């Protein structure tokens, strides 16, 4: 029982990330509103970023900026900069995707008068 | 300067895109020529790189001067160099052939279209040559984001289709990113060559040695299959490609699925190595079953279509099945067939989509309006025949040889269902194209053609009046036909050069012990 | 970092995620999505990822929310789910 | 459908959770990522690039090529929104412009061919959904703008030593413009940063980045190898890399600022860039 608890305490954050990821995925699959799907996509991407950033965390480590008082003799004194750099890139990519998605949503609303996917499809079939 | 060739393949496209953007406000008339020049420069550099790689062996280019595990590297081996030449050549051909369409489909916005087009090509080329797993993700997004935008213009449903493509595409790319995260957390590296070495040391016995690495491969594979549009994840593909305007479809359709299949092959060969990538039999079987289903589904849905482009989109779905199935047969012939088919299919799809764009422009593209188009457009018709013959698998064309390798691999691996699906798909293709030939030769133009944009004065011969004159030549301008003819002829050339391609390009990159 | 605070933050992030996809008013959903991003930013600060947190605070909680609100304002607030 | 989706998602979540068993615990200093590449960056950053902020050094130098394409993605997003949304042709539809007479508050509605000069002192153009504006909000927002911009410039320039850099600074600059747009109206933003300037600035920013990379080729280095400038300008290689990082960060900031303002303008006005929120 104790081991199970330790295992959970060590891994709980991964379960949390996967839960958030699945919340986003659910929104993308099950919601019919296009803006809700955009939000779902955002949540899905952010959960993956959270996963990456957690890789870079180290116990007792400071922020990844050189502290002259500490020096670089021990790399364990600083958090791992690489995942942070990757996620900076991913955040910017996600906002770019969001911008394009919102532009498409606006145009769909202009053409069809609604942003509910089922209503759009019904309207198209009616023609 | 030869050492800098790998970056010079992409740099002209980047600078071309920015110059075109600025040119919109400065001197708009030069923009088309500028974009064409950038594409031609990229094609030229790619051909030089291919020649250099084939004669002097592979090269690794350090971006920023940092050696691989620390920095990002470009890997120019025979496979990636040849693929670069094919991708840039296909983009150049599409661009030259669809000048008129670009100008009429995107009035006042063609500068923006050129910039998006060039960056899309740069993204696809970067995907092909990069040796870094995370850089690949960024480039996938570059290629995809411009694809969403240019596919959104077109008929009424194009916006919704493009938005669905955006959701599915971003989901696929995010899954790939998650897979790279799995690899990173287990190995601490992002460079493909470095990763390959570490994985080989960690799990010499195959993926059963580590759940997390098996999951990494599974998640990456899922992401790539979603981006490729394999059978259960296919619903976005026909909609996105068939509702958009013709030049966008002619660019994105031949490139995106093929480049993603290339990434799949690259993952199998360079990142995981075939021994490890194929070490879970259930995964291989599942992939081959899905591929078989995709081939059958694509072929039979194509039978039900009533317009040329939509039919081609479903054939494209079947072709994705060919490539995925071959990659998971688990033997040398299958993988060779997949690699060869990536090149062959790029040319075939390009040829058919360009011909379809011409026919669509002349007749509207629905089967009911296409009657007798061979008489009116003999050159386009001839190119269509060549492309169709290759797609069916008639011997001197390249389509035959890829099918031959795939069939050999399927029989050697004992997956007779896949072999059967290949044969059935060939037969169905024959039925599909002979039906078009029948319409083209013997059909009569029943209804007047409706050109895509009635407000646009047709710049060739005013085909709106030519419907009832039986032998009136209504062919497109030579500028449109020349790239099409070159692509159609290259189908034969590539078929005749099969031996050399397999010897020079495929054999060197496959591990020697592969059975 | 203290484990309990981390768990609390993670739960808060999850609550914001669920709330933003269940609220039946798109403007509210957009604002809660901004809150979600901000909570995420705090979580990243706790993992010593200051640059990422800074970017998420400006891009995720700032610009994304403004763009989302602009889109809601120019389309509709109504949603069925 | 929803039940099925929920079931599938929960199943996928359980499968994902099952794969977490081999992952290192949170904050493990001996995990593979902490041991393999990160020490190289932590040790190398200061001596090789003269940049104490490891994240900036990795972002703009070690993995500068990623960042270049990331900037290209931002530019691409701006161009995509322009391509999708921008309404360029009026198609002969007469639009109504509203003008408010400042002294009396009387509003005139005029069809498009007729318009009142924007320089008119007693008429101002207003949005169709105009409401009387709160002077306190407007004044305070405009008062904040210079401070935000100075802070943004500090974030860009000080990115070597503290958290921040081109992206964050660029976003802050864009935020200052968007604040003007929210508190006043879109036309003020348009007069401060026209669409043409913004698109040119976005292209110029990426061009600055890629051009710095290309310039390195002529100094005998590889693409994006800023160290190659060092011997030519009589500077040490790390100092040259540090300068190179600053230049590309400025390019990034320019692109991000211009693109985000463009996207905001397009989204808030349905692509007409006439009437904002």
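Think of it as A, B, C and D in the order they're written, each chain with its own count starting at 1.
Convention: a contact is a pair of C-beta atoms (placed from the backbone, for glycine too) under 8 Å apart; a residue touches a chain by one contact, two chains touch by 3 or more.
Since we're looking at a predicted model, the values are computed, not measured.
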| item | value |
| --- | --- |
| Set of chains whose contacts include both chain D and chain A | B, C |
| Between A-C and C-D, the pair joined by more C-beta contacts | A-C |
| For chain B paired with chain C, centre-to-centre distance based on mean C-alpha positions, whole Å | 37 |
| Centre-to-centre distance between chain D and chain C (centres being mean Cα positions), rounded to whole Å | 19 |
| Separation of mean Cα positions, chain C and chain A [Å, integer] | 10 |
| Length of the line joining the C-alpha centres of chain A and chain B, rounded to whole Å | 29 |
| Contacts with two or more other chains, residues of chain A listed in rising order | 13, 19, 21, 25-26, 30, 54-58, 61, 63-65, 82-84, 86, 88-89, 92-93, 95-97, 99-100, 102, 104-107 |
| Sequence positions of chain C contacting 2 or more other chains | 50-51, 55, 59, 63, 67, 70-71, 74 |
| Per-residue overlap in chain B, given as positions that touch at least 2 other chains | 134, 138, 141, 145, 148-149, 152, 184-185, 190 |
| Contacting chain pairs - touch in the sense defined above | A-B, A-C, A-D, B-D, C-D |
| Partner chain D, residues of chain A touching it in the complex | 10-11, 13-15, 18-19, 21-22, 25-26, 29-30, 54-61, 63-66, 72, 75-76, 78, 80-86, 88-89, 92-93, 95-97, 99-100, 102-104, 106-107, 110 |
| Chain C residues within the chain A interface of the complex | 3, 6-7, 10-11, 13-14, 17-18, 20-21, 26, 29-30, 33, 36-37, 40, 43-44, 47-52, 55-56, 59-60, 63-64, 67-68, 70-72, 74-76, 79-81 |
| Chain B-touching residues of chain A, taken from the complex the two chains share | 21, 25, 28, 34, 37, 41, 44-45, 48, 51-52, 55, 82-83, 86, 89-90, 93, 96-97, 100-101, 104-105, 107-108, 111-112, 117, 120, 124 |
| Complex contacts: residues of chain D adjacent to chain C | 53, 55-56, 59, 163-165, 167-168, 171-172, 174-175, 178, 182, 260, 263-264, 267-270, 277 |
| Of all residues in chain D, those that touch chain A in their complex | 1-2, 5-6, 8-10, 12-13, 16-17, 20-21, 23, 25-29, 31, 33-34, 37-39, 41-43, 45-46, 52-55, 57-59, 63, 66-67, 70, 73-74, 76-78, 80-81, 84-85, 161-163, 167, 256, 263, 266-267, 270-271 |
